[in-house]
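Shared between the two complexes below is chain A, which pairs with chain B and chain C, respectively.
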Partner chain A sequence: MSHAVISCLHANLAATEAVLADIDRQGIEHITCLGDLVGYGPQPNEVVELIRQRQIPTCQGCWDEDIIDGLNSCECSYPSQLAERRGHRAHQWTDAQLSEENKAFLASLPMTVRRERLLFVHGSPNSQHEYLLPDMDAFAALERVESSGANTLFCGHTHMPYVRELSGGSIRVKVKQAGEEAASERKLELPMRRIVNAGSVGEPRHGSTEATYVIHHEDSDEIEIREVAYDIERTCRAIVDGGLPEVFAWRLSHGFEYAERADDASHVCER
Partner chain B sequence: MAQTWLISGPPGCGKTTWMLNTLKNHQGQRGYLRLPGISTTGLEQADDGAIDQTYLQDQITDLIDLSNTDQAPNDQEQQLNLIELTQFEPPSSSALEGVDSSVIQQLEALGLRLDRALHFGRDDDLPKDDTLEFSRLEAWSMPLERCVWDPNSLSSFWFELVNGAYGDVYRAKALMNLPDGRAFFCNWMVSQGGSQFLPLESVAPPDGRPKRCSMLSVQGKALDGGGIQATIADCLLSDEVLELHQEPQRQQAELTQAL
Partner chain C sequence: MERWALISGLKGDLELYEQIQRDLQATRGVNTLFVLGDVISPERNCDALWDRLQNPKRGDLRPNCIYGWWEEQLLAETGFRGDRKADALRLNHGEEVVDALLRAVDPAHLRWLVSLQFGFVELDCGLIHGSSADIGDELTPETSPLILIDRLTRLDVNRLFTARSAQQFRLELTGGGIDSHVKALGGEHKQQQPVPKRSVIGIGAGAHYTIYDAGSDRVDFLKAGAKAVANGRGFG
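Up next, the complex of A and B:
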């Protein structure tokens, strides 16, 4: 059996439809969504309703959280005044567009979705706002997976798809008890763990304009990163027609994220 | 006797850079003047403000401003005067007779007489690369005096500007102030690989808004002036935010003085 993992749809209906069609063509029935259904993009209601209609298990992303709880969790991680103002503008626009019913749906989303030893989160098991970057410290990365009790951790948020295997790790502990002459030593061999980032459906940031998602082939335990072309022009037109900043359309059509990531991507806002 | 040379060429061909290097290497007194460019049908001249003048003056502190006839003599022994002129088409003749009569008149009014006239893309004494031929060119500019940029926002804005978010930009240059008192000469040309960000030597004190010249000048096609202006408004610091940057600098300066 295979299942698909999608993330960071960002109110991009054309991209979401194209990815779901790609999944359907392969006969994959099980899909998990890692959140950020809304934010920056022009069709928040349509994307939320599509996910609801398809009954796709979804965890809450940082944008989904902010649109419910108010914009007080992300702003300290904006890398520039320009990014902050654009982010606020997008937040206000999305807040005004989104129906109460769809807001209630976003509010109901869990932080994590678990299936046996697979854990699905938006950012990290600690927070929707934490970035698990592909080059983050291996020990810290392993800690995130191990402490959540998962073998494989599926995340999004960075918009860059990757598969990172954490293997060959060991911890050596020396303990000297009172009254003992020599310290006793214990070595723990850490099992292989894996972090899989699903990339982004609606706001790719991996150097191409194509939407990305991943397929987990459970029989072989292999991960396949998929890239899907979609009608970007349709989304760009909706951005302009909807009254969002036109520069969002330009950025999306050139494969640039709407707002840059913070310099310190590991920063987690303390609300 | 002084030598007075007219250096002409299309936008972004490297006039200012060549003049800066030439003046820096000259041992005698040095003078500079930028003339309003000669327009051609469909080819709009950029409003440079005083970007080039300010940058050159910053790099060569004793540079004589030839537009100010009261400031200093322009005909000292060993003096080199360079006159900058944006001109799309090469002059009809390589000799001084090829120089536009309106240019001669402007120079005469300032007491200047040309000894040489060199045009980029034509004369071997000037670098040959990076000379573009334009068929149509719009110009857009925005004065930014006393404006101070959020540094990361400036970086994002410049990236968007030169990569086409606000129209097809062929040429962009600016003097931009940062909250720490530094200013940068930002320079980009479509034919070159990347942007130049050259810091000015003079640093303004961390005490409010700097008074130096600051301006953005853009040339290209289908320029979205409204879009540029809106983005710039999101990048500029308010008085309150500027003070948040400058107060620690003042405290640090006081501490350094006390030590």
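Up next, the complex of A and C:
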């Protein structure tokens, strides 16, 4: 059996429809969504309703949380003040557009979805806002998986799909306690664990314009990263017509990673 | 040369603090005092100790204070942590203890208390009541080394001094490693990451405190009123 994992749809209906069609073409029935259904994109209601209609198990993303709880829930991950101002505009726009029923749906989403030894989260088991980047400290990455009691952790949030296998690990320690004459030594063998980042359906930042998601082939336990082309023009037009910042359309059409990253040392989160 | 005294868990006991100050005056070379929280407790009125910490007497080593678990509970209960109240305290000890804690500290001290930091980073050392993850995090010699590496990594320090467990210990990461294999659309990347040579030091609580010599990386675990450091059970 195979199982698809999608994340970070960001109110991009064309991308979401294309990815779901790609999943359907392969006859995959089980889908899990890692949140961020809204934010940046022009069709928040349509995307939320599509996920609700398809009854896709979904955990809450950071944008979903912010729309419900307000911007105070954010731990500020904007790369610059400019990006933060645009993020605020997207937040206000989405807040105004989203129906109360769809907001209630976002509020009802769980932080995690667990299926046996598979754990599904938006950012990390600690927070929807924590980035598990592919090059983060390997021990800290393993700690996130191991502390959550999972073998494989599925996450999103970074918009960059990857599969990271952590194996062959061990830690040796020497302990000296007050009152003891000699130090003791021990060795901890670490288990093999895996982090799978599903990338982003609606806001790709992996260097290409195509939507990304992953398929977990459960029989072989292998992960396949998929790229799916979609009608970018349709989404970009809706962004501009809807009055969202045009840069959101520009970066979708260019597939720029961190399109708004700026060397802004003065940036301090206002929240 | 930096030589630190690290104490915690005074819990309002001014006499104990004065004894530690006398010890430190008799100990050669200690030039900095860190108080890693839990200055207050519901067990006694803490105002006299609070006053002394804010207004050291002549000859006192001036204390550098951070807040601890008990202070966090008081700040939460008195509205300095948003909507959050002293839930952990209420859950574990009940309403009576919450009331006793409120009575133990004059509200006039809250302004100073709220100005205290979560922790210090000095040289390549992190000084925190619990850990970089949570003020209530109890790190002990039995804590998984994987968790300890995480707590060290979060602060990006080589030594983490912690007080929450009240235990005195030094745990050194001495070896090992892990293989990381990343597959992405752009290709694959394999890496072997060694265990960093770092330490977690439990400084004790109450009468049990720690002296750290930053130059030699020597740690001495002491007890108030006991023998001087020169005769202590230190190790490098």
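Throughout what follows, the second predicted complex is superposed on the first by the 245 of 271 C-alpha atoms of A that agree within 3 Å, B and C clash if a C-alpha of one lies under 4 Å from a C-alpha of the other, contacts with A are read in each partner's own complex, and residues count from 1 in each chain.
As a convention for this text, contacts are C-beta pairs under 8 Å (C-beta built on N, C-alpha and C of every residue); 3 or more make two chains touch, one makes a residue touch a chain.
Just so you know, these numbers come straight off a predicted model, no measurement behind them.
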After the match on chain A, would you call chain B and chain C a fit or a clash? fit
Considering only touches as defined above, state whether A:Ala83 meets chain B (first), chain C (second), both or neither. first
Of the two partner chains, chain B (first) and chain C (second), which one does A:His206 touch, if any: first, second, both, or neither? second
Looking at chain A, does chain C or chain B touch more of its residues? C
Using the touch definition from the top, say if A:Arg164 reaches chain B (first), chain C (second), both or neither. second
After lining up the shared chain so the two structures overlap, which partner does A:Arg25 touch, if you call chain B first and chain C second: first, second, both or neither? neither
Expressed to the nearest 10°, the angle that the Cα centres of chain B and chain C make at the Cα centre of chain A is 90
By how many Å are the closest C-alpha atoms of chain B and chain C apart after the superposition? 20
Of all residues in chain A, those that touch chain B in their complex: 79-83, 85-86, 245-247, 250-251, 254, 260, 263
Please give the residue numbers of chain A that touch chain C in the complex, ascending. 134-135, 137-143, 146-147, 160-179, 183, 185, 187-188, 190, 206-208, 212, 223, 225, 227
Could you list, by residue number, the parts of chain C that touch chain A in their complex? 141, 144-147, 149-150, 153-154, 167-186, 189, 191, 193, 195, 204, 208, 221, 233, 235
What residues of chain B sit close enough to touch chain A in their complex? 150-153, 155-157, 160, 163-165, 224, 227, 230-231, 234-235, 237, 241
